[in-house]
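In what comes next, subunit A is part of two complexes: it sits with subunit B in the first one and with subunit C in the second one.
Let's turn to the complex of A and B:
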């Protein structure tokens, strides 16, 4: 029985991040940990920190809102469409991921 | 002054008293021992006559206090004279109650004084009731009532107001009541008048919940006391030390070192301070000594301090690195979140396509008279590592409408590409497959289990099969469990062309069938008993396709039967044991999995290999076959001749029925065109013929309908998959009398009816196609075919 090559985990994550960044309209990506500190970012530091701070607050507020309305429910992701671009936030247990994208306009 | 009672009472009273006292005095035991005692009279006792003794003597109690001084004087400073203190009555009123009761003996006297007539109580109540009623009736004309009112009220009032000390109040009350009643116009009272007998006060109190105090206290943060001096010279010294240290440390630790140095200083001070802050006052000498000591210690510590600083910086670096490592570890778990995020991004990038997919309906279809339609290309799925591979099989999942598995391998057997893979895609993310499974040998076919969509069966180029279980991405487990066939004997010895899932067997285990170029159809189940201890797939051969020709003599004289090289496998959707096998010789065998040696029927279908074979979803007797000999044929299983034949003129590489209609099917040609036919609309021409891929450069190999959405998926030989949306004309759904689309059983029967009608048309003498134009293949032809295949 021959072995089938498996992708290493970190490699996969890196690849995935690269892929996301390569899509049309993606401005930047920030990964923040549970404290709200950006651990990985493709934008400049000051902006990342700003995004991280604001998004953490938003996550806490929306999560508490959903839990209050129904304690069995939980937040999956947030899409914030603004005039200039769209902010996609995907929270997980230990971290949250933020992607800023310019949605393509027909 | 001795207290003296009234004179008249003194003697008799005294005598009486004495008598009583005498009795008691003689009682030694305080009343318990009651012995008859003789009365002893004192000698100077007054002697009374009988009549005098029987006389009642009255005794009175008076509140006059004889001991009270009445002419008390007091010095008044204002008047500067002695003033008599006014006598104050030394009585205390403990209880006072106004009474309405009059002693019956005095009633007569009271009546005289009392101005109003008195009536017994019961009568008074009756009178009151009468009054009430009279009020209710005669509201607008209260005047005559008023005349009657006072006497009755008086009567009532009088009864109520009987009492000695009650005079004032009783007078007031009836007067009030009278006044009230004299003004009935102003006050319309229908309620009873409030008085002490009829009025009652009722009150309730809600149940007050007991208050409870609930206190929660967190653990206070740990505290430490810190004491220090701060003087001008301490600050100066600290700065001096810092300036000394700075150029030695270098730029990197410059900022940190400053803080570090000062921190060290303060640390020292902390150590030194408690000693100096002892409560005892210290002499200046001692203080000086201490200072010197401190300085010496500090100097030593300076050196130590530098070392400490370095270490501290190093520690800080290490902790930062640790933090980073932890962060990276956390990052690695973010694969799932990234997946979701990627889908979100994809949604944005392809949002037009998404809208088309969901909502776009080609409006021009209404204006096409011939009922033609169009197909709109949606997404393109391509994986960069699969670019040079051919799409060999597409299988949509039946339970997840957006999931499909694609096998990549190679169809060119002269230049075989040895490796292959199976990718599971989702419509939500056209950029990257959901699951990747790489195999060292090319994969030829793939099938997703109709119910448990985590099971995928793969057939490979070398004759092996594998069953993959796709695991959800928990804990970053991207690897999937793979079961491979283990036996060497019971396996295909040539490429497997088709795998199809069968029904779960009695144990509930999934099982599937595969057919290969060696002409065998093998049934695979999970074989838990294995020599290695690892479970594999065990296969049992169901049947071998023997060609219906005479045995051929081999080179060494032994004659052996020719067997067909199976190309396609198609299981009946309802009768799970019946299946069709299409061979490379162009035959179609209808077999049953219950008995393997004999076939139910053999159809001499095509000249060239059968490329695709599929049963109709609705009509149980109808199936379609297409071949590289430029024809698509629709068969009724009972008839050895096909019902409909479509001559396309180009090799057909794949065809399939539509899941929503019994008369719609699609096919891909070698040129890159996709054809969609609807037999209900047009029996000769396709209602859609569209070029999907670049002509002559790219060959589409596979086509499949999505079971839920009106989508086709076409896979080509560049490793690309194109999804296409069908326009409304291509997917005309039957409508019932109300105009709503049919569903369920009625739809099934309708579809079956449609097909049956079409079949009956064909069976008429005036048939559209000429099925008898096909010649039956004979031995020669078989050999030609075999040799042609050999050349390939």
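Let's turn to the complex of A and C:
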């Protein structure tokens, strides 16, 4: 099973993450899987675990809400505007990407 | 043609389209007239049936076949998609009833009478409320989880390895770039367009301050125990910890006392559904206080006179409690922490008149005690007054204040060794128990006390009385305190469930705001440390958190100086009064001394003095008797009216218009009688000096006379007509003045202005409005300002102007 991915693919992930981080005001980025484990994180561990846990719950809740309202609909993105920053959650099938951005800097 | 009768099934099931015999038979028997679409009418001439109460239904057989049980829908294939063909079908008979002649006799028309016998309208009063939802909130501690079972998350190496493995997963590698693309877009989007930023910040910078004070109930904390007990004390935890402690206890002896639970509750301000914690004691807890430095240690006063301390980290049971023999002999009403080196000392007061100091570490014996004896330097248990309330200000640690059951407020020195030093001053503040005493949070020299119907503000250096006090309120006060957020403001709770807010700077005469917060009497009130809220406790055991508007909890620097000036001014005024009072007393004493020395002379002197005083005080001078008797009577009349008005204002007359009318009517009659008299006895000009009453009595006579005359004339006229003469020839021997029944008054009135100018008296009579008696200003103004007072009747207006001055002069004479 030790099939190594092509270098380019792995590189592509890094590239994408780097690109987001390069933007102004981006505080951190966490990629979590559907179980809520932070797989990739640019923040310190405790905080990313926190984010992972809370966002997983929020995702489940909001997804179920959307489904309840219209079973054909699905959640595609969450933008949480808070006093301090904006949390962008981009859910995919098995993963979700959390980007924390500080918009006041922009 | 299809006729279905709902009663008989078998017929309707019959084959179609031809009519089977059975159907027709049954129809005939049933008395139904079958109607056809086309030529059906031709067959109408069926014999009349005796009973015709069958309902029949006509259907278009083309599409439907209706049976009572099933309903089939037929449509040929070739007709699909065609437009429907509607048929004209105007007249239908749904119910046919033939008249039955023999029953016609029974026909009777009913009289419909609607009648209600009740004079009141039926009313119903319902109230519903949703059930009280009790919520619990839990917080969740999330520790890292969701890892596969075999992975030990404490082992960083393994965790790292697994993560790496996950990152190499193909789906991850696919997912991340697509997610990143989306996130990237939005991040850039956010950076480009600050959608949520506030534009036009300057425009909103001028905020309007609401001038009308408001206070709304935002939360209700209901006592969780089944038996309702009055709230006896609310205290907020120090350092704005968002907690409050509430003691529930009836002040008076309650026969059900033993059935009440003995708990005091701690509430989290944010969570009104259930208390955060509780402390309990073997008896009712009257008072409960947080330690000012430590939220966890609590001291409380018990109904048995004991004092107890708790540590709310340990449990609800008291840590220490005083033994009976050392504690108060009556209800302990208050316990307060005091400043000490160890921070473990507190003191308590009770209805036995004792004030006892305690050390938390050793409650079996008291540190010190004193009695609330109103006489300086005595301090005896026999004379001690029951103490209802205690106040101690931590910034002024040497003094404390005591309020007694009989309305005295005493200022005590804490450190005094002898009883002489202890009691500094005593004020006779109230006519009942002092409910609360509090020092002003900013100007600690000033304090308020609350009891009966008053709130009083004292300054310590004014030793005789308070410097300010409120007007008596509508209801008894139960508690008052300063507003922490606005030290010039007071909040007071009343037995009618209202909270009163006072502001010494804005309004001294009335309360700023009185709002009803509960249907039950309020028992206590406590402003929160932040000053934005006020918690009011009711006798039914619930606490109402009242949110104050901004004007009730903001206190600026100018306000502070203004308040200082206010206190300063009032105490100076009070001091002057005190000084003056002292001088007067001194003078009196001296005089008395003199009187004693001089003996009999002194008595005489004092007598004469009294006489002088009497003369001075008798400002009222008896008026000179009037020469004209008419005037005297008139004055009498006006004086009575004036008295009446003084007593009742314009209410003396139930209706002003009516009153005016009545006046004018009386006057008019009087004048007419006068005229007549003048006419009759024209030679006796000097003698017709009649007061109003006399005039009226004369008038009665003349009225009778006039009526009689009129009757005579009528009779004569009737006779003349009967005889066939001209009725105009009938003349009355005497000239009859017409009298004026009230209905005709309006028409007759225009006669009035045509009076001769020399009849002064008449014009005087006519003046009910231009009342010359000096009136209390308000009353008079009231009369004038009322638009209704200016009567629309023309003669009044005219006459109002003319004789006013004259009359004034006369009246002034009369009074002086």
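The rule we apply is simple: the second predicted complex is superposed on the first by the 96 of 106 C-alpha atoms of A that agree within 3 Å, B and C clash if a C-alpha of one lies under 4 Å from a C-alpha of the other, contacts with A are read in each partner's own complex, and residues count from 1 in each chain.
The criterion applied here is as follows: a contact is a pair of C-beta atoms (placed from the backbone, for glycine too) under 8 Å apart; a residue touches a chain by one contact, two chains touch by 3 or more.
Everything numeric here is computed off the predicted structure, so don't read it as measured data.
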### Message
On the A-aligned overlay, A:23 touches which partner chain: subunit B = first, subunit C = second, or both, or neither?
### Response
both
### Message
Let me test your reading of the model: by the given contact rule, A:53 touches which partner, first (subunit B), second (subunit C), both or neither?
### Response
second
### Task
Using the touch definition from the top, say if A:36 reaches subunit B (first), subunit C (second), both or neither.
second
### Task
Identify the partner contact of A:12: answer first if only subunit B is touched, second if only subunit C is, both if each is, neither if none is.
both
### Query
Can A:84 be said to touch subunit B (first), subunit C (second), both, or neither?
neither
### Task
In the overlay, answer first, second, both or neither for which of subunit B and subunit C A:101 touches.
both
### Residues of subunit A at both interfaces, subunit B in one complex, subunit C in the other
4-5, 9-10, 12-13, 16-17, 19-20, 23-26, 31, 33, 39-40, 77, 79, 86, 88, 90, 92-97, 99, 101, 103, 106
## Note on the structure
Given the complex, residues on subunit A that touch subunit C span 4-5, 9-10, 12-13, 16-17, 19-20, 23-26, 29, 31, 33, 35-37, 39-40, 49-50, 53-54, 77, 79, 81, 86, 88, 90, 92-97, 99, 101, 103, 106
### Task
Note which residues of subunit B are touching subunit A in the complex, please.
324, 327-328, 330-342, 344-346, 348-349, 351-352, 431-432, 436-440, 476, 478-479, 482, 484
### Contacting residues of subunit C [partner subunit A, same complex]
142, 144-147, 163, 166-168, 170-173, 175-184, 186-188, 190-191, 194, 196-197
### Query
Considering the complex alone, what residue numbers of subunit A touch subunit B?
1-2, 4-7, 9-10, 12-13, 16-17, 19-20, 23-26, 31, 33, 39-40, 76-77, 79, 86, 88, 90-97, 99, 101, 103-104, 106
